[in-house]
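One chain, chain A, appears in both complexes that follow, with chain B as partner in the first and chain C in the second.
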Partner chain A sequence: MAQIDIQNVQKFFGQHQVLKDLNLTIEDGEFVVMLGQSGGGKTTALRAIAGLETVTSGKILINGEEVQNRKAADRDIAFVFQSFSLYPHMTVRENIAFPLRAVRMNAADRDRAVKAVAETLQIAQHLDRKPSALSGGDMQRVAIGRALVRRPQALLMDEPLGVLDAKLREQMRAEIKRLHIARGSTSVYVTHDQIEAMSLADRIVILHDGVLQQVGAPDQVYLQPTNLFVAKFVGSPVMNVSDVRIDGNNVRLNGAEAGFRFPDETLSTVRHAEAGLTLGVRPEAVLLAHHQGEGYVPVVTTNIEPLGSHDIVDVQLGGTVLRSRTASGFVSGEGQQVWVRLDPAQAHFFDKATGLNMRGAN
Partner chain B sequence: MAGVRTPQEKWTNRVAIVAVFVALAIMLTPIYWIAATSFKPRNLATTIPPTVVFQPTVSPFVKLFTKRSQLRDQPTAEEYAAAPWWERMVFDGGEKVVRNGKTGEVRTSGYGDRFTNSLIISIISTILAVSMGTLTAYGFSRFKVAGEDDWLFFILSTRMLPPVVVAIPMFLMYRVVGLNDTHLGLIILYTAFNLSFAVWIMKGFIDEIPREYEEAALVDGYTRMQAFFKVVLPEALTGMAATAVFCFITAWNEYAFALIMTNRNAQTAPPYIPSQVGSGLPDWTVIAAGTLLFLIPVAIFTFLLRNHLLRGMSFGAIRK
Partner chain C sequence: MASQVMTNLDPKSRAAAKGLSDLTIRNLFIIPTIAFLIIFNIFPLLYSLAYSFTDFRASTRAPANFVGLQNYRDLLSDPFIWSNFSITAKYVLISVTGQVLVGFGLAMLLNRAIPAKGLITTLLLLPMMLSMAVVGLFWKLLYDPNFGIINYFLGLEKFEWLADPDMALYAIAIVDIWMWAPFVMLLSLAGLSAVPKHLYEAAEIDRASGLYTFFRITLPLVAPILMIAIIFRTMEAFKTFDLAYVLSSQPTTELIAIRLYKMAFQEWQTGMSSAFAYIVLIMVVAITNIYVKYLNKVKAR
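Our next item is the complex of A and B:
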């Protein structure tokens, strides 16, 4: 197991810069998830750690040793590909044993190691099959088994669940977590799925346009996004975002007549923004009521998504649609008159020019 | 094909079957003709209309492999009785087998040697073209090569000229360096012909093998070379087999250069067979026999590799 340090890493593909001065330390035994849109640089960062991609400048250290100029084979790292990348001409057993053959382990030890890892992953009954005869979930189990079998310094996974269907993803997600807890291997996991990131990560690393946006524990990233990109990328449904104007203690959404009253301590840090402000509130901070109350503004519901455990209700306020998370059946239909309030404690103000969260670290 | 068919589709199907039979008939008729002629007695080979029913004989094959001369007189009864069965066939055709004056050994024709030459030259040049083509294609497919497209076009451009155009300069060059009428000379020539073709076909196949296969091997502790042999090559076998069939057929059938560049030592079967038309009345049965035997290796080779020619069998364990 190992600690991985990424120091000032830059990566260009021709003129295009895909990693911009990336700095990151992944602790021994930590599960780090790199989250971002495709093209954000997360896969490139992962491949750079593995040695499948060179870096233009900067250092990558594994256990304090510089490895950026070492071949992939000499970094003692395992990689799980989105496409699984199992060798079709080999059986499952041969696939899992493949990395052990590279280090010329003797046949008896090899067999023992393959069996042990196959049992952990519950694929022991498939060992003599060809990969093409397996289900998607089992293929990915084999791919993970092949990665784990030689007990690498770190396990890198590039969207390993990306091609599985929703049910299987959920199941495999739990399995990967269980495996991580059992083996305690340093793991770096790339995904664009924020739910996967939230559920697996010790820490989430958010990359956008090759720039590191935020590093933090899942709840930290969710509750205290450093900028608008992170705020919008993490969380489902997406955070409500609207340009706002502040008059005294009144926060008016873009084009709306009525405003919301916010307490002084919330507004003190944002009052003097020059470029204008963008307000972000998550659906659970948009509070609906059936009756007029202190601080509530009347609105009309426009759409309801019943999700079983809760509903997502859209309300129209001026030019903005606010999405609210309510108890199931709280609102019975579209076109209903309700009252809305925003929870000031869960409201985020972003500088319109820089996108930074004005409340800083709260 | 399973599934529900409309009456219209059934008709289309029948028409398709008829079309297949027509196509087969057109393609197989010359082969039947050659096969039939090679078993006919000489006097039936050129009858009009063609003789369909006849007593088959192997005399054309006997003649194909022996050196013969015209009989001036009929062989004596003793000579005839002493001769083995196959020699009698030659007598019956108005010829006699040429024997070594002292030892009495039968003098064989050049066909066997020419056939062996064809095999040696075709097989070696096919192996060279496919292996070099695969390595080159791998390089183009996986690495950034400066001016890659230009190089590939350049490689392909060697096929744009009809080969015969360069025959004379090639002949002169070969004479200077002493490659005339050598196996090596033809092997180099055929390898060069086929290489551009092999590179292009193999590049297509290797492009389809996901890079992740090798990357997985590289991360797992293998060198690029090991990854190529253990992971890429098994996946590329299908493509290599298909390429080999085409290269082999091209080399095996090549006529013009073999005619110009060789005369004895390294001559292949294609220029030899028509040279037997020679003077006097051509014996078409012998030529047909030579041609029939010449068809067999390609048929066997293609038959052995037929499974690989149907591609896309091993692709499946990768999700895209």
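Our next item is the complex of A and C:
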């Protein structure tokens, strides 16, 4: 098991910079998820840790040892590829045994290790089959088995569930979490799926355009996004975002006549923004009521998504559509008159120019 | 039935205007080919099979007498014929092994990003495009003991490549390797570039050495296409005539094809040589079958 330290790493592909001064420490036994859009640099960062990609400058340390100039084989890390990368001409047994045979482990130890891993991953019954005869989920189990069989320093996974269907993904997600808890291996996991990230990670690392945006526990990233990108990327449905004007204690959304009253302590830190402000509120902070009340603004519902456990209700306010998360069946249909209020405690103000969260990291 | 499989003729087309039906057009395309095949392939094949049971000589007017299996019996018990076969076997082994080693080696070298890769590949493929007889003639000049450039560069003085009974067969095999290694290279290159790059990455992560990766990943995945190259080259090498005929007339280089040619067109033993040709045909089919069996086994993995 190992601690991984990334220091000032830069990576260029020709003229294009894909990693911009990346700094990150992954603690021993930690499960870190790198989250971002495709092309954000997360896969490159992972491959750089593995040694499948060189870095242009900067250092990568595993257990305090500099490894950025070492080959992948000398870093003792395991890697699970999105495409599984199973050896097609070998049986499942041979695939899992490959890393052990490659370093000439004796046959008895090898068989024992393969069997143990296969049982943990529930693929023991497939050991003598070819990968092509397996389902997608089992293929990925084999790939994970091949990665775990030699007890590597760290386990790196590049969108390992990306090609599986939704139901299987959920199941495999739980299995990966269970394996991690059982084995306590340092794990780095790359995904663009924020639900995967939230459910698996001890800490989430959000990368965008090769720049690290925020590192934090899932709830921290969700509740205290450092900037507008993180705020919009994490969370489903997406955070409501609108440019606002502040008159006194009145916060008015872009194009809306009426405004929302915010308490002084919320607005004090954001008043000095010169370039203007962007307000962000998650759907659960958009509160609907059937009757006029203190601080509520009248609106008309435009769309309802009934999701079973809750509904997502769209209301039109000025030029902005606000999405609200309500109890299911709270609003019976489109075109209904309701009243809306924003929860000041869950409101975020972002500087329009820099995108930074004005209330800081709270 | 057939007309259901085929696309129907456009009623506005010129063919339709001339009153041709789909079936007529199909027959117009197929019948000449079938006729050609029957006249020039099937008929001679059967005709020579019939001759192989006679003592017919094309050089005389004497009628052919049926001799049963006598020709086959004579051929298979003739020690000289067996020496032709063993020479051929040796030649096939050397030549095909050499082509696979050189061809696959070149493919490995070319299977990476190198400057002018396209040009190099094209140049390497040129020998394959030449005529066998031409290749034989200019290698004869290259091998020449008096002014040949090979002896000059190797500092071998007057070494007689083609007149030396022990060396001549190797000398011919070298020319064959020079000419046909590019063919193996071309197929190997296709096979190598079809191996997904991420498998090499996986092997590297799994701490496999270069050699281990080659024998456990690269070779098994290229094996099927390499096998096809070997089948083609073995069949061709087995039938080699022109190259050996042009280069050398040593008894030690008398391949079966040359023996067959002499028997048929110098000694005019038409019946006997027909039988000989059939023995060779059966052997080639047998060897090919062994390879194909193996190929299917490799492909099943």
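Keep this in mind: the second predicted complex is superposed on the first by the 362 of 362 C-alpha atoms of A that agree within 3 Å, B and C clash if a C-alpha of one lies under 4 Å from a C-alpha of the other, contacts with A are read in each partner's own complex, and residues count from 1 in each chain.
One rule holds for everything that comes next: a residue touches a chain if its C-beta (ideal position, glycine included) is under 8 Å from a C-beta of that chain, and two chains touch if they have at least 3 such contacts.
Just so it is clear, the model here is predicted, and its values are computed rather than measured.
Once the two complexes are overlaid through chain A, chain B and chain C clash, as defined at the top of the document. Look at A:Ala50: by the touch rule set out above, it reaches both chain B and chain C. In the superposition on chain A, A:His89 contacts both chain B and chain C.
Contacts of A:Phe262 after superposition on the shared chain: neither chain B nor chain C is touched. Once the two complexes are laid over each other on the shared chain, residue contacts for A:Val163 go to chain B alone; chain C is not touched. After overlaying the two complexes on the shared chain, residue contacts for A:Tyr222 are found with neither chain B nor chain C. In the superposition on chain A, A:Ser132 makes contact with chain B only, not with chain C. Of the two partners chain B and chain C, it is B that touches the larger number of chain A residues.
By the touch criterion defined above, A:Phe350 reaches neither chain B nor chain C. Across the two superposed structures, the residue set of chain A contacted by chain B and also by chain C is 50-52, 71-73, 77-79, 81, 83, 85, 87-89, 98-99, 102-103, 146, 150. Put simply, chain A touches chain B in their complex at residues 50-52, 71-73, 75, 77-79, 81-89, 98-99, 102-103, 130-132, 136, 139, 146, 150, 163.
Residue ranges on chain B touching chain A, taken from their complex, read 210, 212-213, 215-223, 226, 230-231, 234-235, 314-320.
The residues of chain A lying in touch with chain C in their complex are 50-52, 71-73, 76-79, 81, 83, 85, 87-89, 98-99, 101-103, 146, 150. The touching residues of chain C, counted against chain A in their complex, run 196, 198-199, 201-209, 212, 216-217, 220-221, 301.
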